[in-house]
Structure formats: C-alpha cells, structure tokens
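Shared chain: chain A. Partners: chain B in the first complex, chain C in the second.
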Partner chain A sequence: MKKSKVKVRICLGTACFVQGGADLLLYNDFVDPAILADCEIEGCSCLDECKVGNGSAPYVSINDKIYSGVNQDMFCKLLAEAVKNA
Partner chain B sequence: MLELNNQYTLMKRKIDTEVLKNFFNDTLVENADRLPLEIIPKHRTPFRCCIYKERAMVRYRIMAISGIDIERDDDEEKPLAEYMKEVLAEDKPPLPLLTTISTGCSGCPKSQYRISDGCRGCFARPCMSNCPKDAIIFINGQAHIQEDRCIRCGKCMEVCPFHAVVHIPVPCEEACPVDAIKKNEDGIVEIEHNKCIGCGKCVRSCPFGAIVERSGLFPVAKMLKNGEKVVAMIAPAIEGQFPGTLGQLKAAIKKAGFYDVVEVAEGAEVTSIKEASELHERLEEGENFMTTSCCPSYMELVDIHIPYLKQKRSTTLSPMGYSAEIVREKYPDAKSVFIGPCFAKKVEAAKKYRDSIDGVITFAELASIFVAKDIDVREMEADDLGDTASFEDCRQFALTTGVAGCVMARYDNEGKPAPKTMSINGLDKKTVRLMKTWEKRAPDADLVEVMACEGGCIAGPGTIVKPALAVKLRTAAKAAQK
Partner chain C sequence: MNNIFIDIDYAQIFKHGQKIGGDVYLLSKSPEENHIVSTLSDGLGSGVKANVLASLTAHMAHRLSFSPIDLSHSAQIIMDTLPVCKERKISYSTFTIADIRYADDLEKIDVNLVEYDNPPALRFRGAEPVSWERSKTELQREGAFKKEVISHSMFELEIGDRLVTFSDGVTQSGLGKGLPLGWRLDGVRKFIAEEIEKDPDISSRELSRAIVQKAYSLDGLASKDDITCSVIYVRRPRRLLIVTGPPFLKESDEIMGQKIREFDGKKIVSGGTTAQIVSRVFGAKLTLDLSCWSKDVPPASKMEGIDLVTEGMLTLSKVATILEKRINPADLPNDPAKKFVEMLLDSDQVHFLVGTKINEAHQDPNIPVEIGIRRTIIGRLRKALEDIYLKETSQEYL
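Entry: the complex of A and B
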C-alpha cells in the first residue's frame, strides 16, 4: 500500500512568522530531500495556539498534532520521525 | 555578521512586544520593573552567566527600545518605572543613533590568530615559509605565533593544510567599515559617534547584544495611541518581510492605527527620473561618474570619511524624501512615519527632514506593534493599493543593482551607447578603501550604485526574515500577481 504523505502546516500568524516561523519556510535548504519527498508542507493561517497554548511561537502542526517553539533543527527531527512512523 | 535570526534577536522581539502590549494597555509604568522578571523567569536555564545578568540586560533592552541613551543616562538606582514616565512625557532626541551597554560587553580579547593543537608539526611547514614577518616558530614540534611580530595578515591560516590556525576576531570591530568602534582601557566597547555612519553592522555582529540602536518606536506608538493622523511610508524592502500580500499588509498597518499607507516606491520613481536626468546632464558636461544617493549610510560615509565624493554623488533626494513630499501634498495636516529596514534612515530623517518626517521605525518594530495589537496580516481583507503601474518596478530599489536598474530604465540615451553601471554591494573595510581611491582613479562606470548592506535593503539591520527568504517570497508574490 502506498504510504500517505505526512501533512505539515507551518503557522504563518504574524507572531509565529516573526519569531522564527519564517525561517522554516526555507525547508528546501535544510531538510533532507528524501524526507521532504514524503511530506506535504504548507504555510497556514494562524493556528490560534498562541492564544491558548502554553508553548511559544512558532507553532507547527504535523498530521494534526501541534508542536511549539519549533526551530530548524527540531523541524528536521520531527519530520524524520513522522515519516518513519507513517 | 550573525545570522539574522538568533537567540538574541528573538529575545529582542519578545521584549519589544511585551513593552508595547503594556504601553497600549496603559500599564507600562506600573509593570515596567516587573517585565525583566517575567521575561526571564526563575526556572530559566540562562545563556549568560546567570538569570540576574539576563534580567539586567532585559532592563537595558527596555531602555533602548524607549529611546534612552544608555551611555549617558544609566542610573542603576532609578526604577524603570521612572524612566518610562520620562519617556511617556517627552520624546528623547533621536541622535546619537547607537548606544552601548558596557556591562553587556564581554571585553573580547584583541583580534588574533592562534595555532590550535590541530597542528601536526608537518615537514612542509607552509605557515612558516609564508609568514611575511617570520613570526612562526616551532616548539616541541608544534607551530607557535610570536604575538609581537604577528601583523594579523592571516597568511598562515590560508596555507595550513590541517586548518589548525584559527582567527579570533573582535566581531564589532571587524564589522565596522569605518573603524568607529574602539575599546577603552578596560577593553570595553566604545563608539566614536562622530565617525559612525549608522550602518548597524556592529549591532548585528555582537553576540552579546552590547551595542544597541536607540529605537524611535515610542514617539510613533504615542502618535498612534493618541489617535493622531499618521501616514505610514513603507520602504520597498517591506515586500517579503511579512506573511500575506502587500494589500493585506496595507490593511494591517491601517488597523494598527495609521491613517493611510504610501509606498516609498512611489518616491523612488521620482528619485529614478531625477537621477536619470541628472546623470544625463553630468555626462554631457564631461563628468566621469556619478553615484546614487539613496543609501543614508553611504551619505554619512561621504560626509564624514570621503569628502571628495560629495561632488560625485547625486543631489537628488532619497525616495524617503520624495515620499514625504507626496504625503505632505496628499494629507497636509497629517504626520508621516517611515517604516523601513534601516537604522541610518533615522539619522537621515533627523538631520535632513526634521520638519517633514515625524518618525522612523523598522520592520521588526512594526511586527512588534502587530503582535502587541493582535493583528494578523494574513487574515486581513486586502486593501486596494491604487494604481501602482508606474512605480511597480521601483520596488526593486530594495535589492542590489535595483536602483541603478530603475535609473537606467528612465534614462534617455538618445541612441548613444547606454551608460555603464557598477554597484558597490555592501560597505566593509575593503569597499571603503576602494572608494577612497576614486579621487585618484575614477571607477570604470558612469553610474555607481552604493548600498551599505550586502544584497541591498532587504538585508538591512531592521529586517525580519533572511534575505534568501525575502527574495523567495517577493518572487512568489510577483508570480501570483500575473
């Protein structure tokens, strides 16, 4: 059976964008292409996590699970894990 | 220079946002002294020596964002609340642009080359044979540099096959293109303000955050809060700095309290037209070259360090200058605020446009206003930008070669070969040295475009996203338009 792609959404609310979320949009430059091939990455409207969550911006949603304070390094690891478990 | 987004800039944005939130909620004076404790909570693992120093640095950052000249006005006994009262009552003078936090300075040792234990003591010893001063000796089979002989040319580092030679710079001194940064007798940073050209490279290169810009945010925030009629002039570099489209950004800026938004690209069109005809005239008169005049840091560089170029730079006003005229004509009773990527624009506004420009803030500061006011650019209903056809190409002013490109597009060469252009892409010690030689040997070009930041304004010290991403987003926006 063909594996379904990992759905990744990067919050592009202004707060996330300026706190480093923008950097994640350069994913082509820092994520392993083999991993990228199995992911569907898009920027999305504010996930509203900053209003309720206890974490910190930027927020990323991977297969509908929310992660907070995501930097480039963490982004790579999260994607690798999600692809492995898919 | 440090990468744009690092722990320090992210912290800076957080502090700015908290200060503004309190300002707009009328709780600034009341909460000011609590902010450092809230931002650096007890359980935090500190990056500096301890949380107490981190809190002290937050205090200084709050002072800088409110425009206080920390060098001259640092009273440790005075509560932040008192400072805030002062700032709310009266705007601080905008110059000098930069200030230092002496307790934040790490007192980096003098710039030096050192040989690490990666040295294999090889037989060829290229370090020794290539050192012009015979400064390298071998002790116990390992190379050593004799400090008193070393002239820090870096040859040994270039030739070592094991990369065993390391260069340990003083980041701020290294970054300053005009040697305006010195250490005092205690080894602590000092800025020679009369030499400073306001490029902001030292601010961005200090990993300890010991050099800060005195923000012009408060005067602007006060205007917004008092409901004054303020028109925002947005620099061409703004495209790609925020999520969403330019139209949405315009709507967001208006939601933040600005009355209207004028694109500085509109003023850039006037600059391009006038600079094109000025170039034409000058070349007719047999002059050898002309430089652009829109980069305020370059203007300061010429005024202070290379007086010869005064006659060579264009007398045309910068896009900001013409944009202020456009605003004045359209809304005679409004105040105008320039929003850009640049620190030196504050200097330009304070020196040249005291009467027509009422404030200068950066993109990063605008972002703090958005976050403090809970404005989400991407969720806004796009505002109409009006007819932008004639000046759309002038948004390229924000990129290296963009200014020269716009000027040439408006140059009438009457069938003769087009003038040659050249660009100085970023000021550093080397390009400044080169420009100083132009008096004796003119550059091989008719129009020289000078930009202090490498890559153009999109790499300015007040930007939010990395230049590479800004270019990507700008290209995507252009594609979406078609």
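Entry: the complex of A and C
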C-alpha cells in the first residue's frame, strides 16, 4: 500500500521567519530528496505558538504535532523519522 | 483627496556629443495656490551658451508666471530682455509657457498657453487630436529684421486630455536622414495619436520618453539638436490602499473589511494576522506563495480580492529602506518587497489603514528592534513617498 505523505508546515510568521524559518525554507538544498519525496511541505502564517511563549521560534508542525526551535539539522532528523514511521 | 490628477513629466536627449543642453525645461508646482507652470525654452545653437540663454528665459518665464502680471505682458517683458543675435538677427531663445490653474477640487483646470517660436503645442482628447484658436501678437524689436509673433490661447483641460509641448529637435528629427523635411508636426501628431491608441492610459513619463526616443532613432541615434518633450495628462488618480495591523477592537474587524471592500483602487494587505482577519471577514482562502521570497522578506500569499498579501514588519521596513535609498525596483530580488514598491510607484495616492493592536510576538527581545514599531515604519513610508516620489498619502487608524 502507498504510504500517505508526511504533512509539514513551516511557520513563516514574522517571529519565526527572522529566527530561522527562512533557513528552513531552503529545504531543497539540505534535505535528502528521497525524504522530500515522501513529504508535503508548505509554509503557513503564525501558528500562535510564539505568543504563548513555551519554547522558541521557529516552529514547525509535522503531521499536526508542533516542534519548537527547529534548525536545519533538527528539521532533517524530524522529517526522516516521520517518514520512517508513516 | 482629489478625484482628478494632473500627471506631468518630460524627457530629453541632448545634441550628440554635448553634455549640456540648449533646451531647458522647468516645472514648478505651488499646491497652496493650485498653480503649475511648465516652461520649455530653446536657446539658439547648442551647448553652454545656448543653455545659459534658455535657462535665463525659462527662469524669467517662471518668475513672471507666478507674479500677478498677465501672461502676454510677461512674454513681452521676456522678449524685450532677450538679446537679438547680431549676425543672424533673430532672437536668442524661444519659449512655450503653460500656466495651469485649477479649482480646489480640480473639477476645472484652466490652461493659459503662450508660445514663441517653438513648434506649436499639441492637444489630444483621448487619442483624438484637438485643434483650437490662438490669438497672435506681433512685436517689432529693435535690431530684429522681422516682426516676431507671440501666440496666446486659453482653454480647459478635462479628464483624458493631454497637452504635449516639444522643441524643434523633435519636429526636425530625421532631417536629411531618410525624411527630406524631417519628422514634422504632422508626423509627430500622428505618432502620439497612435501611441495613445495603443495604450490609452499611457503615463506622461512613458509618452514623453516614447516621443523623444522616436525622434532620436529618426536622427540615426546621433541627435542633431537637443530633443525635449513634455506631456501634461489629466486623468483619474491611481489609488492604492495599504492595510496593516489588526484593529484595536475585535468589533472593528468588520469595519476594516467594509473599508477594504469599498476602496476604489488596488489593495495590499501587509501582516500575517491582518491577512487572517481579512481572509475570515471576506470568507476568502489564504495560500502562501513559496515562489516569491528572499532571505530578508518572507513569502507573499494569495487571496481573492486583494492584489498583494505580504508579511508585515519585515516587508514594510524593507520597502521603506528601498524607497529611502531610491533603489530602482528592477535591481531588486524577486520578493514581495519588490512587488510592493512597484505598486507604490505606480500609484498617485496611497492610503494607509492602520490597525493599532500590538502584536505580542514582536515584544520578543530576540527580534531586531528596527522591525518593532508599526507607526514609525508607516511614518517613514509616507515621508519617502511624499518627499522623494511626490505621491499624496493619507492615513487612518482603526
């Protein structure tokens, strides 16, 4: 059976964009294409996490679970894991 | 804000090899007095000497137009002051003065036109050439071998009308290069009519440029004289609305939506939260456009009914910096700030609808301070638009 794609949303609200969201948007340059093939990545506006204040920007939502303070390395790992478990 | 806009611009190419022109164009606006004076003067010959004479003439014409003396009388004073060339027995410089006065609401625009020895000005209603009566005054000056004729006319300009003035570098272009008599007035008139036909809303900047470029190419790209052309175009103003920031009170969201809906012109929504509010009020879907962003400016979004949706503070401060530094949009990366600037430069009147609710996320000490305060950035934008780009701006808080 064909696996359903991993749903990834990168927050591109102002707070997230300036604190690393912009780096994540370059995902084509640093994530393994094989992994990307199984993901559906989109940008989204402020997830409202930055206003709650637990954790730090940038925030990323993977299959509706929120991760905070995501950098490029962490992004690769999170996607790889999500694809494996899908 | 006025519902009529007077768009004036000019273009100029100097005689081949000259760094300074014998054609001088001057434009002054006195908004307090609802008065614009556009003067084109062509000094005999070219280069420095011609430039000095033409400047002298243009400045005199200007001064006199802003004084209470009537225009024909002013023209006479100029003529009497202008020296007559000893060898050639003709006067040293020519002029066309368009003195434009308008009512406060701009519903009536009166033109007082005085022409001396330049090619006659042309008028168009839409793409149709308009002809009109001119009264002629003859002057015999000491030392001149013939009487000189000043022509004078008065008329009104309406929406869609244009008045085009130019130096003989335009009408005589092409002389001896394929056109035995040059481009001539008829050729110029036909060309302008065709240009307007092709693009009925062509701006004065583009039209004057097109005319000058055409003359230049008829001269085989080595102009034989200074080529100068100015265009005055009366039209509806191009309006732009910029909505930024969530309203202070939640109840005002609807009012904001209403104001956006009713606005007659292009619309930009700047700010993530603001865009979400508009999307909810409009019932329109908001989708991010990941094809258009740069490292300084987050991606734009798309929404039905809004021409451009951008992130807020980063984009706005980038736009302010671009305007202040007068960067040409063509030199910018393809991001939302570029589109934003292009839309601003394409408008005559810019209205800011500013929500005053404070965004908690921006209180974060990790965020660079310069993106902090919406009002400061809007102040910068308005100042740059008014001082550098001569746009009208206005603002309301919600």
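As a convention for this text, the second predicted complex is superposed on the first by the 85 of 86 C-alpha atoms of A that agree within 3 Å, B and C clash if a C-alpha of one lies under 4 Å from a C-alpha of the other, contacts with A are read in each partner's own complex, and residues count from 1 in each chain.
To be clear about the criterion, a contact is a pair of C-beta atoms (placed from the backbone, for glycine too) under 8 Å apart; a residue touches a chain by one contact, two chains touch by 3 or more.
Here the structure is a predicted model, which is why all the values come from computation and not from measurement.
With chain A as the common reference, the superposed partners chain B and chain C clash.
Touch criterion met: A:E42 reaches chain C, while chain B stays clear of it. Of the two partner chains placed by superposition, chain B and chain C are both touched by A:G13. In the superposed pair of complexes, A:A22 makes contact with chain B and with chain C alike. Across the two superposed structures, the residue set of chain A contacted by chain B and also by chain C is 12-15, 17-19, 22, 25, 43, 45-46. Touching chain A in their complex are the following residues of chain B: 5, 10, 13-14, 17, 242-244, 252, 364, 367-368, 370-371, 375-379, 464-466, 468-469, 472-473.
Here chain C touches chain A in the complex through residues 272-273, 275-276, 286, 288, 290, 293, 295, 298-299, 301, 311-314, 359-362, 364, 366-368, 371, going by the rule given at the top. On chain A, the positions that touch chain C within their shared complex are 12-15, 17-19, 21-22, 25, 42-46, 50-51, 56-57.
By the touch criterion given at the top, residues 12-15, 17-20, 22-23, 25-26, 29, 43, 45-46 of chain A touch chain B in their complex.
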